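Each of the two complexes below includes chain A, the first together with chain B, the second together with chain C.
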Partner chain A sequence: MARRYLPVAAFAGLIVAIQLATLFTGTAYHLTQLTMTAYYSLIIVGLCMLIGYAGQISLGHAGFFAIGGYVAAFLTTWNLKPHPGAFVSLLGKSGALVARPDAYGVSLLTVHPWLACAAAILLTVVIAYLVGGPVLKLKGHYLAMATLGFGIIVYRMVLGTEFLGAADGISDVPGFPLLSGMVITGNSSARVSNYYLAWGLVVLGMVLLLNLVHSRVGRALAAVHGAEDAAGAMGIPTARYKLNTFVLSAVFASLAGVLLTHYNGGIGPSEAGVMKSVRYVAIVAIGGMANLWGALSMSLVLNYLSLRGYFGTYDDAVFGVILILIMLFAPDGLLRRHLLSDLKRAVSRNPAEEEAP
Partner chain B sequence: MTLLSVRGVSKRFGGLQAVNDLSFDVARGSIKALIGPNGAGKTTLFDLISGFLRPDRGEIFFEEAEIHAMSSCQVAVRGMVRTFQHIRLFPKMSVLENIMVGRHVHSNAGFLAGMLNLPFTWGEERRIREKSFEIMESLGIAAHARTEAVSLAYGQQRVVEIGRALACEPKLLLLDEPAAGLNMRETNEMGRLILRIRDTGVTVLLVEHDMSLVMKISDEVVVLSYGQKIAEDRPLAIQKNREVIRVYLGDDQ
Partner chain C sequence: MAGITYGTIYAIVAIGFNIIYNATGIINFAQGEFVMLGGMTAVTLNQFLPLPLAILAAVVITTIVGAVIEIVFIRWLHKPSVLRMVIITIGISILIRETALHIWGESVKALPYFTGSSGSSINLGGVYISSQILWVVGIGALVVAALGAFFNLTMLGRQMRACSANRDAARLCGIDAGNMVTLSFMVSAAIGALGGCIICPITYVQYDSGTPLAIKGFTVAILGGLGNSTAAVGAGMILGILESFSIWVLPTAYKEAISIAILLAILFLKPAGIFGSPEAARLKEF
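So, the complex of A and B:
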């Protein structure tokens, strides 16, 4: 138990330390990118569960991120004032709508962010089940291609849909009032609280996934990953477990999409792009595939560097190259779980033994 | 007291009639062996019974329930668990974890309970662990509990695989060539282990090439040739059966 949660506490300490460091060096503006990094990390840890533990690849998770982000953005910016009707008034009476002025002072009536978030997650679950059901019957390259296809479909749809802002995306998305006095928003006055909120969610997500990995289901997933037919013969419903993990990781991506959209105040079609999906897979791969902590630490470093613009115009290329190098030289991932013991074995191995046939 | 009943089962792969109109019963509490020359359809029959393949024709009943349309998972949940000719242990998992997977059908914690680490799962995990150690001790592999299962010697891997199957507490245990790759001493131990398993009330159906093992432990033997049953009898009678001798030794003998 302690072995499971000790790293969580250490990680929480690191998050606090980073904030304190920016406080004392007067570089609090870094917290904005670090907050965005936190939301991207939510996708990464969910995807790590799917790829590393359930053994299923997805090159379409930017699609789920976009579904979450776009549903939240659309519902919280769509003015219902010009569309009075029984349904709208019913929603209004039940407190599901909020009236607020837009940037020009025009009064708007829009769906409450909580309801929009719930709708986004619900839609994601439905789509993930519908897509995952048939697609997860495929293996290896075919599964990669099929999920890639899903990602491309989402990208072309948000790019070609007028009411989703086409190439411009949706902007002027309001903040997300989470608790009283706690709003997910990009305002610099709320920078510190949003930083802690975002990373708090990542920590919570990590605890949930670590629990899952160490549970009966996690053991069953490892069995499915290791020898699927044998797992089935032990009474594990392999197809259902893979599908549930796919949906779970889609929900992580979608929730990240909802929250980051509120934080950024908008979303554009590039968030649904295929290169985003490739980037997520690359980070999981370099993090060690079946290593939630490796994926999270790589996500923290690489997303932060990318968001701060260190990779310049080579941003996408960097992640493509990372993926190629990992696949060529360390297909089990760089920070894989048994790395230390493997290294020890390699160092302590008797060279004479190696030459023996 | 029939536990498993195979009735007129056929399976064709393209031009090959792998199993042809085959019928036999397995009595509760017995050890039954399927033998036959290579290509006789033994493994196909095993796959049909354990839900890995669907028969083209015929029916299979387990405890009077039709199971020939079920998946291997559904069959396992009903109490019929198999091992594999080529050992299929879970890699990167310890012996203990491999056996714990066998307790899957006897535990309940799902995705939500697992993620939230709900208190009821703690006791469940503890019971899974205790039961797994109990099984490992009875098989003499408890000392290897923390060892990666696939790093064990071949004979021990077979024992782990059987332990994993026993963790499911099956009513019927299907063993696909349990003595394959074992030396004589290990084969004898395997024979004694199978008898011990039967004595705990588990019915055993096995496919095996090692005739001395089959003749020593089986209550009844079914002989297959080209997908058809050519004999079904007690071991002693099988050894004297002319048709069986002809199939195994050739026409000229």
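So, the complex of A and C:
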């Protein structure tokens, strides 16, 4: 038990330490990108669960992120004022709608972010079940292509649909009031609280996944990953476990999409792009596939560097190179569990081989 | 006619997939990038070379790129898993695309029409069609015929087929299986580049035009049954025509979604392809 939660506590300490460091050095503006990193990390750990533990690749997770983000963005910016009707007034009476002025002072009547969030998650679950059912029966190339295809369909749909803003996406998305005084928004006044909120959510997600890994389900998934036929012969409902993991990781991605959209105040079609999906897979791969902590720490570093613009115009190329190098030289990932002992063994055998574990 | 034009290109990409799949058992996700690279290089070279020479040089350069990719990234891997190969070839496609972006920028380029101009058309039994369409279909047919001859009549082609049928047995007969894999990358890069050159007067070419082609080419390869190049031609026509009809019913923006929906439907319902047999499909490794 203690071994499982010690890293969680250490990670929470790191999050606090980073915030304090930015406070004392007067570089609090870093927190904005770090908050965005947190939401992207939510997708990464969910995807890590799917790729590393259930052994199923998905090249379409940006699609789920976009579904969440776009549903939330659309519902919270769609003005219901010109559409009076029994349903709208019923929603209004039950408190599911909010009236607010937009940037030009025109009063809007829109769906409450909570309801929009619920709708986004619900839609994601439905789509993930519908897509996951047949897709997860496929293996290897076919699975990769099918999930890639799903991602491209979502991308094309948001790019070609007028009411989703086509190439411009949706902007002016309002903040997400969670509790009184706790709003997910990009305002710099709420920077610190949003930073802790986002990373708190990641820590929560990690605890959930870590417990899942060490539960009956996690052991069953490990068996499925190791030898699917053998696991099936042992009476493990392999198809159901794979599907549920797929849906769970889709929900992680979708929730990240909802919250990041509220945080950024908008979403564009590039969030649904294939390169985003590939990037998520790359980060999971570097982290070591079946290594939640590896994926999370790599996500923290790489997403932050990318969002701060350190890679410049080579942003996508960097992830391409990383992907190739990792897969060629260290297909088990950079941060795998036995890396240290491997290194030690390599050193003790031949000091010159230190670089090649 | 547009359907048949696009269908020809999809078939050419699909054949590229098939050649590498037959030789190695992997799907080269960078196949569409060869097409883009061929078109782009030809456009650049055409500035100071006559058109036929520019196309020839573009095909040669892309072939070399194909060989280099195989030698650097694929050759020395010992029995890599499918997942690993998928990710590596995706990484390669990103690399080629980003390199193209930094060389050529985001501008859209095109070769001139091989004969005539975009406005002129040829009267073919009462139907007016653009001359470039004839070039595309003609060269496409020529490529298929030439490949058929290569694989059935030449020693090298037969050696490649032997490797895809049974690698170990081919080795025992003294065939260098490693070289055959390199050759398969070169051949599929070459026909991809040629396809890119003949289509680019009509569709134009941009640094990121490879990925959609790869997806459609893969759809066609699956539709015809993976590894079956003759069926890929028929499947290419089917997809091309379906796609051009879909524009009448759905907005153009969804055109790409159509072919992917077809891909998904086939993967779910009949992964052996409409021309393939399920028994043969089960024997292949995925």
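FYI, the second predicted complex is superposed on the first by the 340 of 357 C-alpha atoms of A that agree within 3 Å, B and C clash if a C-alpha of one lies under 4 Å from a C-alpha of the other, contacts with A are read in each partner's own complex, and residues count from 1 in each chain.
Here is the rule we go by: contacts are C-beta pairs under 8 Å (C-beta built on N, C-alpha and C of every residue); 3 or more make two chains touch, one makes a residue touch a chain.
Fair warning: this is a prediction, and the values are worked out from it, not measured in the lab.
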Exercise. Using the touch definition from the top, say if A:Tyr314 reaches chain B (first), chain C (second), both or neither.
Key: second
Quiz item: Of chain B and chain C, which one contacts the greater number of residues in chain A?
Solution: C
Exercise. Once the structures are superposed on A, label A:Ala285 by its partner contacts, choosing first (chain B), second (chain C), both or neither.
Key: second
Quiz item: In the superposed arrangement, which partner chain does A:Gly235 touch: chain B (first), chain C (second), both, or neither?
Solution: first
Quiz item: In the superposed arrangement, which partner chain does A:Leu209 touch: chain B (first), chain C (second), both, or neither?
Solution: first
Quiz item: Touch check for A:Leu179: first (chain B), second (chain C), both, or neither?
Solution: neither
Exercise. With the two complexes superposed on chain A, say which partner A:Ala223 touches: chain B (first), chain C (second), both, or neither.
Key: first
Quiz item: Of the two partner chains, chain B (first) and chain C (second), which one does A:Leu248 touch, if any: first, second, both, or neither?
Solution: first
Quiz item: Of all the chain A residues, which ones make contact with chain B and with chain C?
Solution: none
Quiz item: Which chain B residues qualify as touching chain A in the complex?
Solution: 50, 52, 71-73, 76-77, 81-82, 84, 88-93, 97, 100-102, 104-105, 107-111, 113-117, 121, 124-125, 128, 164-165, 168
Quiz prompt | Contacting residues of chain A [partner chain B, same complex] | solution = 208-209, 211-212, 215-220, 222-223, 226-227, 229-238, 244, 248, 338
Practice problem: Would you mind writing out the residues of chain A in touch with chain C in their complex? | Solution: 57, 59, 134-135, 137-142, 144-146, 148-150, 152-153, 156-157, 159-161, 274-275, 278, 281-282, 285, 313-314, 316-317, 319-321, 323-324, 327-328, 331
Exercise. State the interface residues of chain C toward chain A in the complex, per the touch definition above.
Key: 26-27, 29, 73, 77, 80-84, 86-88, 90-92, 94-95, 97-99, 101-102, 211-212, 215, 218, 222, 251-254, 256-257, 260-261, 263-264, 267-268, 271, 286
